[in-house]
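Each of the next two complexes has subunit A plus one more chain, namely subunit B in the first and subunit C in the second.
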Partner chain A sequence: MEIVVEAHNLRKNYEDFALEDICLQVRRGSITGIFGPNGAGKSTLVKVLARQAPAHGGTVRLFGMAGAEHDRVVKNRLGYVPQEPAFFTDKTVRWTARFAAPYFDRWDGAGFAELLEQFRVNPLKRVKHLSGGEKKLLALALALSHGADLLILDEPTAGLDVLHRRALLDRLRRFVADGGRTVVVASHITDGLDDIAEDVLFLHRGRILLSEDKEDLLARWKWIQFKDGALDPAIEDSLSLLRAQPYGNRGLIGDFTAVRHALEPVLAAGEARVDNASLEDILLSLVTEA
Partner chain B sequence: MYKQVTDQIKEAIASGELAPQDRLPSVRELSEALEVSAITIKRAYLDLETEGYILTRAGLGSFVAVVDREALRQQKLDELRANLKRILGTGSRFGITPEDVIRLIRQIEES
Partner chain C sequence: MDPILRRCSFFYLSHLVTFSGLLGPHLVTGDWPAFDIIPLFMPVWLASSVLFSELGESYPFLRNLPVTDRAIVHRKLGLVLATGAVYWLLILGVALARSGDGSTTVPTLAFITLVCAYGTVVAACCQIGIWQFGRPVMTGVIATYMVLNLAAALVHTANLRHQADWPVLAQLAPVRWLAGISWLGQALVISLALSALYGLARVGTRVKTSSEACL
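Moving on, here comes the complex of A and B:
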């Protein structure tokens, strides 16, 4: 298993905020989602990973390379889409690409034109007339047109309408389809990204709350609906986001795989029911308990 | 790398592609777009400012300055003159005359 992005004991301080003890590994060929509420430090983390901001401690390795020694190599292999991409506002999309092209050794102008068409962004439009979503897609097209095999995206779906969002998600899925390329995406909303992410990392107040394979995570976390008194008190105590509802109680359990056996009689008797949880449910539970 | 940024923006201004009052991206924005360090862009902007190509207004950002295109042209001509002088010097050491160089220029132009 090849590790494309690796952070070790990463630290970055601000006046009122700090990223601390960030350790992570991203496998080649995967899509890793970094999720967390606003202010969790996602943007700072992806900037540091993408070498757009220095860390105050710890190390980041991209493709096994640390520091500035392989700058050009890393730059060619990395595509970065910032949270709010901005360019020369009075110039056109096409001009923007011409301006950016010399900074990449493997620039593919034909590929760029094709992507714009796919994203329905008019190359003759001036940047100041693009919507926020179109600017994101322009940044994505730039990142995809220089032969990068690692994409790091900051809030890519924010501000996108439903068509643009689908185009972006499709493109990301295709990007990793052959197993050789990798995506790291940070977002405060899961908004379709929960579908495509394979590895999930939750960030809260500058720290990693959880980092896990999505399938494993969704197998562990379930909603349980139950009638009063139906559950073993120990299990009931372990539930989070507990709420009484007209048709019974509902709570989230984080170790379903461990209690599944114990729950079976109650489930068979129709006294309780199990539902799938979403990443957002799990994040909410972890953040409110943290 | 910062020289590349400086030259590219200068050329865009000299050619009129970037017009006076056109807004430049912030240092952070351009460094993100080109995937270069913010220090690189900051240095390029400082040079452009010192040379009068751009103006930076606190809180508002950087804009293309009203530049004298005739003066820019004169500056380029001076640069070319210096380059040509060097070329002619190199040529003369190998028996290449100014006429040979002129012929070369024509050839390049026609190709």
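Moving on, here comes the complex of A and C:
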């Protein structure tokens, strides 16, 4: 398994916020979602991973390379879309592409023009006259037009309408389809990116709460709906987001596989029911308990 | 041509043209005090080129491109050096051409070299200051520097014309000493300026890499 992004004891300090002891690995060919509430540090983490901002401690390796001396090689293979893309605002979209093109070894001008057409971004428009969504699409078109092997995207669907959001998700799926390219995306859970993510990383207050394969995570976390007194008190105590509802109680369990056997008689008797949890449920539970 | 250089050169070149258009004729046709006054405007023009070229700069966009901070520093400081050299060559060229009519002397040439070296090094410092503290902070600092330089040049001009005992800068002792050791003095000043710029390029790379003031 080839590791494309690797962070070790990563630290980044601001006056009122700090990313601390971030360790992560992103394998080649995967889509990794970095999720968390507002202010969790998603954008900061993504900026440091994409070498947009220096770390204050620890190391970041992209394609096995750390250090500013590899920036040229690394950034030729990296497409980065920030939360708020920056350009030369007085210049046109076409000028922006002409400015950027000479720096890339594998710039695909025709591909860029095609993407602009698909995204309906007018190449003759000045950047300052583009909407927030159009700027995002321009950044995405630039990131996809130089043969990048790794895309790092920060809230890529923010400001996009439904059509463009779907087009983006499709494109990301196709991007990794051959198994050779990788996507890391920081986002809120509710925008559809959680569906395409294969690996999930939850961030809260600058720390990683959880980092896991999405399927494993969803297999472990389940909602249990049960009648009063039906559950073993030890199991009931381990439930989070516990809530009494008209038809019984409902709580989220973080290690369903460990209690499956103990639950079987209760489930067979119809006194409890197991439902799938969503990533949003899991994140909510972890953040509430953190 | 490199896009970063191409974009910035526009500002440096347009300022150079303005300098040549506004002040050049005074050097060509004026009497000797012109060579004691006009070079003093060079640091102002060069600092203003730095400031203007940074006005629309988008470092977050540049950071997204496969160009290292070191390369950006070398391009920007290289441009400062190249433009400083062009100012120097232009003023020196006219001064040499007019040495025949007695308007300029060897100390004048040394004075021109000194001022151009000073202007170039300070402009490079301004550029690094922008990377370290950000453009909004440095705009005030550079503007103050420009105003002070401009004021000094104007006061010098006025006094040179109206006060008989006002010192001629090209005749000050250090300048005369430099001129006294012939072309070695010029070479010494140039070497010092180049060494300073080399050091500033190293400092600039460190600052550019670690500072987030422009991001």
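Points to keep in mind about this one:
FYI, the second predicted complex is superposed on the first by the 287 of 290 C-alpha atoms of A that agree within 3 Å, B and C clash if a C-alpha of one lies under 4 Å from a C-alpha of the other, contacts with A are read in each partner's own complex, and residues count from 1 in each chain.
FYI, a residue touches a chain if its C-beta (ideal position, glycine included) is under 8 Å from a C-beta of that chain, and two chains touch if they have at least 3 such contacts.
Model, not experiment: these values are computed from the prediction.
On the shared subunit subunit A, the superposed partners subunit B and subunit C overlap sterically. When both complexes are overlaid on chain A, the residue A:Gln52 reaches subunit B and subunit C alike. In the three-chain model built by superposing on chain A, subunit B overlaps with subunit C at stretch 7-15, while the rest of 7-15, 25-33, 97-105 or 187-195 show no clash. Comparing the two complexes, residues 51-52, 75, 80, 82, 85-90, 96, 99-100, 102-104, 142 of subunit A contact subunit B in one case and subunit C in the other.
The touching residues of subunit B, counted against subunit A in their complex, run 4, 8, 12, 17-19, 22-26, 29-38. Residue ranges on subunit C touching subunit A, taken from their complex, read 2-3, 7, 56-58, 60-61, 63-71, 209-210, 212, 215.
The touching residues of subunit A, when paired with subunit B in their complex, are 50-52, 75, 78-80, 82, 84-91, 95-96, 99-100, 102-104, 139, 142. Across the complex, subunit A meets subunit C through its residues 51-54, 68-69, 71-76, 80, 82, 85-90, 96, 98-100, 102-105, 142.
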